[in-house]
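Have a look at these structures, which come just after this line.
Note that chain A is present in both complexes that follow, paired respectively with chain B and with chain C.
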Partner chain A sequence: MPSPARSDAGGDGAGILIGEVHTGLLLNSASLRQDMLPAVLGLLPGERVRSFERPISHAVSPELLVGVDCDLSTASGTRVRGIGTLAVRAAITGGRVLQGSAWTRLMGGHAEHRLPWSHYLARPGVVETVGRRRNHPYHADLADGFLDRTNNRKAPGIDFGAICGQIMGEVQRSPYLDRRSPFKAARTTLRWVAEESPERRIGFILGDDGSRTTRITFDGQPISAVIELCEDLALHDWLLSTLLDVIDRGMPSDGPHETMMRRIRPAVDHLIHLWMPGARVVESLLPLWESLDTKPGFTRQWDTLVNRIRDQLALRTLTLLSASAEGVPGRNEQGIRS
Partner chain B sequence: MTSAHVTFGEVAAERRISNIPLSHVSVELGHLYMDDFEAGRDALRRQFERVRPWAETVTQINEGRVRRPRISTCFLIDDYFTRFSTPSVVIGDLLAASEAAGLRIDYIARESGCAVADGVPLAELVHARLVPDPPPGTNGSRPPPHESGWLSNGERSPSGGVDEAMGQVAAWLPPRENAARHHSIFLDVEMWTDEGDRRIWSCPYLAAVWQLLRLGLLRDDGRPVAVPVPAPDPLPDDWDDLPAIIQMVPSAPPFAAYTTMSVLSSRFLPVEHAVRVILGQVSISAAVLEQTVRRGADENLEIPRDILKRIGYAIPGEI
Partner chain C sequence: MLVIATSDKGGTGRSVTSCNVAYRRALQGSDVCYLDFDFGSPTSGAIFSIDPVSRGTEGGGLHSYLQGKIAEPQRIDVWRQTDRETLRSRPPGAGRLVLLPGDQGGGEFSMTKDILQRCTKLFVRLLEEFDLCVVDLSAGRSYAAELVLAATAQQELRGVPHRWLVFHRWTRQHVIAASGLVYGRRGLIEAGAERGHDSQVLADSIRFVRTAVVNPDSEELAGLRPTQVVWLLDCNKDLQELARQHQLGRTMVLATIPLDPVLQMREQLISDRDVWASQIANAATVAAFDQLARRIADDAAWDEL
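Here is the complex of A and B:
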C-alpha cells in the first residue's frame, strides 16, 4: 500500500563512477549495414537497440546487469566489501568497431550486512559498500585501487575485463557475422574513474604495458553522458593505436610497393573515415575532450598519420604512372588522356 | 555572426517508455482452478464472502492514507494447466457469485496470458531480465552457476557423488541462502519444464509475471503489454479467443497499480515464497522504475524502488 512521501536518502550521495571499455574490430569482412545492427546488438528481448546515423553510424545494445558480491580493490589494502550490479553494454561504430563497456557507481551502503537481492536490483548500476567501514571516506582509496593494476596487495576486485569480454564474445558469435576480419587489430582496454567536482579535470595515462587509464571529473551531467565520453575516448584511442600499428607494419622505409599497399589498404578502407572525436559527447563535457586533444593531441597525431598514408599513396600513384609512361608510351598516353 | 540554436534528433536513438494509468492498489480477489469451479456456484459465493472483509479492509486502510484511493480488483482464471468449461459459463458464474457476496470484479485475467499475452511472450521477456542473486565471492569472472530451469536464493549443496581423491562418498554440505543473517532458508524454484518443443512455465513463475503485470512494470520495446480490453459481448467459446485481461466494469480504476494486495488461502504460502524468490531477481528497466517512482512523487507518495516492498498479502487459513 502506498505510504506518504518521505526522503529515501541513504549512503553518501553521488559516490564515484568506475568502468572499463574494451575496443576491438568486429569480426565481419564488410562493414555491418545499419539495418543489421538491431539483430546483432539485440541482447535483451523487449528492449530496443538505440541507433544513430549522424554524423556516423553508431548503435548501442540495451544495458544488461551483472550481479557482484566481492571485496573491492583499495590502494591501501583495506578490506571493503561491495554488493550490487554493474551495467554492461555493447556498441558498434561505423559498422566496424565493437566496444564492450561496463560501469558501476560505488556508493556507501544502507546496512552493515547484506540485504535481500531485490534491494540491489532496485538500484541498477550501483555497488554498495557494506560493513562497518561503509561510510568511511573511501573514494580516493577505491579510485586509486581500481586504477592501479600493479599493486599485488589489493583484492582483485570486480573483474571488468571478463564482463566486457563476455558481452563482446556474445556479439561476435552472432549468426549475422561471418567472423572474418579484413585485417588484424589488437583489442585495447581503457579503465576509467569519474568523480563529481566543480573543478574540471581530465587525465589520460598510457601505461608501458599498453594499459590505458583515465580520470575525469563531471559536474551535474547525467551518468550516461560521462559513460559516452569515456566510450568515445576509448574508440578514438583505439583508432589511433590501430592506425599506428598498421603503418608500423605496412610502411617499411623500403620494400615492394605492392606489399605496402596490401598492408595499409585496410586502414584506408576501414578506419580513416571513422575519426570523429566528440561526435556524441554532450556539449558541457566537450571541453574535457578538447583539452585532451590539445595535449597530447590525439587529432594532431591522427592527421599526421593520415597525411603520411596519403603522401605514400600519391607517391605510389606517381611512381606507377611514370613507370608505365617509360614502359609502354603509346598505350599509356591514351590511358592518361581518357 | 550569431550562432544558431540547433536541435537534431534521431527517432531510432531515443529511449521511449510508455506511461500507463496506475491505481493505488490492485486487489486480487482470488484465483480459480478447475476444482473450485467444479465445486459449484454456491461454493464460489461462500469463497467470495470470506474474501470480502479483507478487501474492505484494504479500502479502509487506503482511505486513511490518500484522499481518493484508486483501488481496482482483479481475478485470475487458470486456463494454462487445465482447460475447463468455456469463458461465458465460467465468467458468468464468477460474476454472479461475486455479486451475491457483495464484491465487484473489475478485471478478469487468464493465466495463459502470463505466458503469452496478445502475441507478446511475457514469460520469456521476464526470463531474459533475470539477474541471479550472486553468492558472496562473485566478482564477474564467470557467469554465475545455474541449473537450467531453476532459480535459487543462494548456493546449492554440492551435488553428491564420490570424492575422486579419497574414493569415498563426499560428505554432505548444506546449501546456503545468500542473504542469510544467521541461518539459511534456502529455496530452489523450478521455473519451467520442457515437454517436446513446448515449454511449460511453472505456477510460481506465471504468478511472478502476474504480479509484474499488476504493478505495471512490463514493457515490450517501451510499449505497454497485456493492455486490458472491454469484455467482448458475447464472450467467446474458446479461451484462446479471449484477450489476456478483460475489463468487466467500464468505470473501474486502472488495472495496474503502485502496489498489489492478494487475498490468498494459506495453502498458497509456498507458491508465494517462490514468487518472491523469482521477483527478487528480476531487473526492472531503470526507466520504468524511475517513471513509477516519479509518478508516485507527483501524488506525494513514496513508492519503494524495491518491488518486493510493493507486494502485500492477506493470508487467512482457509478461503
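Here is the complex of A and C:
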C-alpha cells in the first residue's frame, strides 16, 4: 500500500460509491491513550494521522491506495472488468474499537482496453469499467451485484474484505499494543453502496448469516461525509451486536454471580460509554441516521440492553446486601461498584 | 490464548481429545476456534461431523492460506454446520465454536519467512475474536510444529499466553516417546530455545495429557479375575514410576482421559446426550474433557510446579 489517496478527488457526481467497513476490538488491555494514536495509526511515513478528542476520542490513519484489476460483481452475471484504485484507512474510536474502511467510486470508462497505470493513478479512489459505456441500469446491476452475497455464480469482485483485513491486521500487530484485550468480540462487516439522488435515503439490512448491507442516496455532500456516515453506522451496529452477545452469554438467570460479573463487566467498562450515534456525521446527513433510529431503532435497542444490565447489577447488589444483612456471608462482592 | 496439541506417536487420541475439549470450552461460554495444522491428514472435519470437510476442505483451508494462495482461511461455524442434529444450534450461554479446516491433499511444507509471517498474522487475527485457539499439530517433529514454535516467539505474540499439550497413551513406549518429544534432542524445548523462547518459560507452559487410560479401579473391570486386577495395578505402578523418571509425573499431567467405548469405535464429539439419554458414552469421559477444558485456561493449574 504505497501511496496516499485523497478521497474527495473527482466528485463530478457520476458513478456509484461502493465500500466496506470492518469493525472489531482493538487488541490492547487498556483503551488506547490519545497520544498513542498517531504511532499506532501512522501507517504511512510522512502522512498525518487525524485525531479528535471530542465528542469522543477518534483517530483516522492516512488513506492508502490499492490498485485493482478484476471482474466486478454484477447481479445479471454480465462480465464487467474494472480497473483503478481503492482507498483504505483504519480508524480507532474511544481507544477501543478498530475499523478498516475501504471504498471506491465505480465509473464507466471510455477505454476499450486497459490504459497505462498513470491514467488510473491520476484518479485516486476511482475504478473505471472497461468496455462500452452504459449508464443508469448498469449502475443498478453493479450495485445489486456488489450487495448480494448469496449469488455465487457471479464474479467475486473486488476483495474489500482482504484489503480491510490487511490494514486492521497491521494495526493489531503494532509494537505499541500489548495484544491482551479484556474480552473478545467477533468482527462485523458492513457493505455499502451510495449514489447521488435528489432524495436522501438510507436502508440497512442485517441478514440471517450476519451480513450487513446498507444503501444510501445523498445529494451533493462530499464523499468523505458519506464514508463517515457508513463508518459511524458500522461502529454502532458493532457495539450493539457485541453487547447483545455479551448479554446473551453472561446472563443466565441462575448462573453464579462471579461468572456473570466476569462476562458482563468488560462490556460495562469498555463499551457502554462509546454509544454516540451521529457524533461525527455532517448535519445534512444526520436525518439519515435519525431515520435508522426510528425504524430498526438502534438507540432503542441499545437503551433496552443497557437497562437490562443495570437492572441485573442492581438486583444482584440487592441480593448480596440482603444476604449480608441476614448474616449470610455475601459472595464475591468485587466488581459491583463502578 | 493459544493451546497447541502435539504428540510423538500417531493415533494417541490427540485430535479427538482436542476437538472434545474445544467443544466443552465453548459450552462453558468461551469463544473457541480449532485450527487443523495436521496438514498431512486433516481429520478434524470428521470429528466435528462436518461432512464436506471430513478430509479437509477444497475451499481454501489453512494450508492454502499459509502458502499465500488466499487472504483468509475458510472458517466453519460448527454449531451451524455439523451434521449431528443434537449438536446443531448453539446452546444458551455457549460461545462460538469455529473450525479452520486443513486442505484436502495438503501435505507437509517447509517453513519460509513468508509462511512464518502469515502464521503469526493469523494467530493475532484469531486472538482478537477468540478466547481460546486450539492448534492441532501432526504427530512427531513436523514443520508445522517448528512453525508454531517460531510464530509464538515473535514479538507480536509475546505476552499472549500459549500452552502446549503433549498427548500420549498410558503405555511404556508412549511415556518414553512423549518424554523424548519434549526433553530429548531436537525436542520441543531445545527447538523452542533455538527459535528464541526462554527454555524455562517454555518448559513451564508444557503439560501432558494421558489418553484412553484404563482405570484399574473402575466398575467396568469388575468382571476381571483378581489375578488380572493385581497385575493391572502393578503395571500401573510401574508406569507411574517410569513417568516420574521421564519428567512426566503427576505434577506435569493436566488430565487423564479414560478409555471410552464410543471413542474406541468412532472419532466424534461426545455430547451430554450420548451420556445421559442414549447412555452409550461414559460420564467419566465427559467429566474428564470438561475438567481439561477448564484447566487449560486456569492459571492455577499451570502455576503449581
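Annotations for the structure displayed:
Basically, the second predicted complex is superposed on the first by the 308 of 338 C-alpha atoms of A that agree within 3 Å, B and C clash if a C-alpha of one lies under 4 Å from a C-alpha of the other, contacts with A are read in each partner's own complex, and residues count from 1 in each chain.
Definition applied: a contact is a pair of C-beta atoms (placed from the backbone, for glycine too) under 8 Å apart; a residue touches a chain by one contact, two chains touch by 3 or more.
As the structure is a computational prediction, the values presented were derived from the model and not from experiment.
Applying the stated clash criterion after superposition on chain A shows that chain B and chain C can sit side by side. The superposition-derived angle at chain A (between chain B and chain C) is 100°, Cα centres, a multiple of 10.
One of chain B and chain C touches more residues of chain A, and that partner is B. Applying the stated contact rule after C-alpha superposition, one finds that A:131 touches neither chain B nor chain C. Of the two partner chains placed by the overlay, only chain B lies in contact with A:46; chain C stays clear of it.
In the superposition on chain A, A:27 contacts chain C only, with no contact to chain B.
In the superposed pair of complexes, A:178 makes contact with chain C only, with no contact to chain B. Of the two partner chains, both chain B and chain C are touched by A:162. Between chain B and chain C the least C-alpha distance in the superposed model amounts to 5 Å.
In the superposition on chain A, the residues of chain A touched by chain B in one structure and by chain C in the other are 159, 162, 166.
Of all residues in chain B, those touching chain A in their complex are 8, 10, 12-15, 24-25, 58, 61-62, 65-66, 121, 124-125, 128-129, 131-144, 153, 178-179, 181, 219-222, 258-259, 261, 279-286, 289, 296-297, 299-309, 312. Put simply, chain A touches chain B in their complex at residues 1-6, 8, 44-48, 50-54, 63, 65-70, 83, 85-86, 113-119, 121-125, 156-160, 162-163, 166. Here chain C touches chain A in the complex through residues 29, 31, 71-72, 92-96, 120-121, 124-125, 127-131, 155-157, 159-160, going by the rule given at the top.
Per the touch definition, chain A reaches chain C in the complex via residues 24-25, 27, 159, 161-162, 165-166, 169, 172-173, 175, 178-181, 184-187, 248-249, 252, 255, 259, 263.
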